[in-house]
Amino acid sequence: MKTVYITRRETFNAAHKLWREEWSDEKNWGVFGKCSNHNWHGHNFQLYITVKGVPNQETGFVINLKLLSELVREHIIEALDHKNLNLDVPFLKGIMASTENMAIAIWDILDPLVRAHGGEMAKIKLIETENNFVEYYGGKEPF
Amino acid sequence: MKTVYITRRETFNAAHKLWREEWSDEKNWGVFGKCSNHNWHGHNFQLYITVKGVPNQETGFVINLKLLSELVREHIIEALDHKNLNLDVPFLKGIMASTENMAIAIWDILDPLVRAHGGEMAKIKLIETENNFVEYYGGKEPF
Amino acid sequence: MKTVYITRRETFNAAHKLWREEWSDEKNWGVFGKCSNHNWHGHNFQLYITVKGVPNQETGFVINLKLLSELVREHIIEALDHKNLNLDVPFLKGIMASTENMAIAIWDILDPLVRAHGGEMAKIKLIETENNFVEYYGGKEPF
Amino acid sequence: MKTVYITRRETFNAAHKLWREEWSDEKNWGVFGKCSNHNWHGHNFQLYITVKGVPNQETGFVINLKLLSELVREHIIEALDHKNLNLDVPFLKGIMASTENMAIAIWDILDPLVRAHGGEMAKIKLIETENNFVEYYGGKEPF
Amino acid sequence: MKTVYITRRETFNAAHKLWREEWSDEKNWGVFGKCSNHNWHGHNFQLYITVKGVPNQETGFVINLKLLSELVREHIIEALDHKNLNLDVPFLKGIMASTENMAIAIWDILDPLVRAHGGEMAKIKLIETENNFVEYYGGKEPF
Amino acid sequence: MKTVYITRRETFNAAHKLWREEWSDEKNWGVFGKCSNHNWHGHNFQLYITVKGVPNQETGFVINLKLLSELVREHIIEALDHKNLNLDVPFLKGIMASTENMAIAIWDILDPLVRAHGGEMAKIKLIETENNFVEYYGGKEPF
């Protein structure tokens, strides 16, 4: 069984801050540093979605990337692009908008959608800056 | 006279929106599209500062890049990084925070500083996304 | 007058070959090398379009990048993306599909369109591979 | 046992189309979209080959990258670079030239060659565009 | 348990050569090629450090990247940046300065430090050039 | 006259230091900082060579990039790659190995060679790190 992993990149530009209401300014600054700036800051995020499977005999596809791209754009990018991650995004409400938590939230939305189209989610990679990124395997620990 | 152009890159992550208070929401949306989102969005900006000159005979330097980097960090990056470009930045107050206007404002701050250290500003390049950037030559039109 | 240069990137993936019908296979190979492969080869092209101007007082824009992107997609990318540059592209008919000639042809289409929208074309950059690219300033020789 | 994974990148530029002869134009378009363009399109492919092993005590090498590069260039790049993947490549004959299938075919050629030189293949990554790539672990499912 | 992997990039520029004193020049050249140049050569290295864990409920962090960055800069980058890897680096003394061995040595220093701060090292990636890099999972073989 | 600028990238990896023998260690450190490390450091340099001209009617070429690449590899890369810029390079003897001076020296070698093949040098760009690069137009000051 020749399982292949295929990845699609989508991008979005968003504002956020790392901030806990119940903490003092000092504590927020101590933990989150400049990421706690009251008036927000922002990033060009890059989102990589990886689906695994055996290539279809006729198409050679694990999943049609056009379909995958449409799912991601409709359900994820539409909600995140040119938005405030703390204020504007229903699926991040009440969640600290760290890159870690965003990756989990994105997986939780995409997993049933990809499954409904016969695919299997394998990984989310979310790049925040050229120096920082997270990877999430649905909770699995491959290493 | 062997004039060489030397460039230093610095980066900053910031929030902004394109928005005119005196315009209706509809007009703002019509002109600025998703960049007018009320609650801001953001970017990883890359700033390239180019200084020109004849390399010094002893050092081989047009300008000491450590000095240039310190000037840019102290006077520009400190003010922009992890900030809201519309609300937090003194030198952008009252200016539409377009990439074009930011490049001009950055030049106007750096030009006298670089000059005071014996250098000559040649160009500002400001990258907003992998698809969009501006270049400013102090008003010159090389092409 | 604070002229700023603003650039938009668009991408397209296309096949081509460098080949002159009236030349022998040997001569084609001698001049064009592996680029003369009968059955074509291809590239992920990156096209950078630069427009110059003084930022508008109200919008801060040299040109609305959404408009510029739409012009380029409609008139250039639509014709080139996932196409054969030698066979499928009306505006390259009868022209050797070198990167140089493509840049000139793209300029000649975009120049009147950009002008009709109040802008002024400044430069075309066309990247063929990470090792090869061309730049065209409408025939000007800035250096 | 301190297993390390070492990776070499090689590149090739090729034309292809996604197309099934026995399907109508409409069905080909419906499934493959613009990738089904009759006259081909193309890409700058990036191929990453990963070999695993314990570094040799004397050389510090898992495998000599010069050797690995020569194997890949002779057996893979020579066959793919500046070629038509549907017409010109013996080891892709009769196979839908999807990125998924290419990765499997490349593994199947390199695996015995690397093994014959004392190495062990771990992964193939094949990048088609900045937005699309596949990874293949010889059929293993690490996650 | 929603384990997430988070990665920080740091960079350093260093000289090295691949060379065994007890071997003849010919043998060194035969095995290491141009990397055996007597007078050294050098690289811009990129080091990616990956830590795994379940995001903290309050901060959303697997590990505070500011802390991770400080650990890596103090214990690794300080020792390697603008240095000669064969002559200047205590933790590489007596070790062939291959990328493989460097990755292992870096892991062995960071692992107890990260552990002491409640984190768990998952991976080191060390990029030597755009064509060559290694990955090390602490000896694990995820694939 | 439709002048086009065409650019070829070549790369080399080299060691160097910034150091004046007649200066004390303290003065060297004061001026050159960590770049003055006794035992050298190094970089992955990227060299972009730009030639200008009107595309040939038959070939569509400003210059044959295969020829340009061969000239650069034979006369520049061969001398610099995997070398010590202070010790091993005849054309840098007696010259402070700053990026500025290297760009000038490379131009002075390539200019007559390119001219001898009917081309005209327009620009050298030499990237030392992702944060630092120089550009040289043969002494011209386009801006």
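Each chain gets a letter, A, B, C, D, E and F, in the order it is written, and its residues are counted from 1.
The rule is simple: a contact is a pair of C-beta atoms (placed from the backbone, for glycine too) under 8 Å apart; a residue touches a chain by one contact, two chains touch by 3 or more.
These figures come from a predicted structure and were not determined experimentally.
J.: Just to be sure I understand: going only through chains that touch, what's the smallest number of steps from subunit B to subunit C?
T.: The fewest touching-chain steps linking subunit B to subunit C number 1.
J.: Which chain's centre, taken as the mean of its Cα atoms, is farthest from the centre of subunit B?
T.: The most remote chain is D.
J.: By mean C-alpha position, what chain is farthest away from subunit F?
T.: In terms of C-alpha centroids, the chain at the greatest distance from subunit F is A.
J.: Determine whether subunit D and subunit E, two copies of the same sequence, contact each other through the same residue numbers or different ones, counting it as same when over half of the numbers at the interface appear on both sides.
T.: different
J.: Roughly how many whole angstrom separate the Cα centroids of subunit B and subunit D?
T.: Distance between chain centres, rounded to whole Å: 41 Å.
J.: Quick one: report the Å distance separating subunit A from subunit D, using the average Cα coordinate of each chain.
T.: Result: the chain centres lie 27 Å from each other.
J.: Could you check subunit D for residues that touch two or more other chains and list them?
T.: 130, 137, 140, 142-143
J.: According to the definition already given, which pairs of chains are in contact?
T.: A-B, A-D, A-E, B-C, B-F, C-D, C-F, D-E, E-F
J.: Which residues, counting only subunit F, touch subunit B once they are in their complex?
T.: 18, 20, 31-33, 95-101, 103-104, 130-137, 139-143
J.: Given the complex with subunit C, which residues does subunit F contribute to the contact?
T.: 1-10, 50, 52, 55, 58-62, 64-66, 122-123, 137, 140, 142-143
J.: Can you check the complex and tell me which residues of subunit B touch subunit A?
T.: Subunit B reaches subunit A through residues 11, 13-16, 34-35, 37, 39-44, 81-84, 87-88, 129-130.
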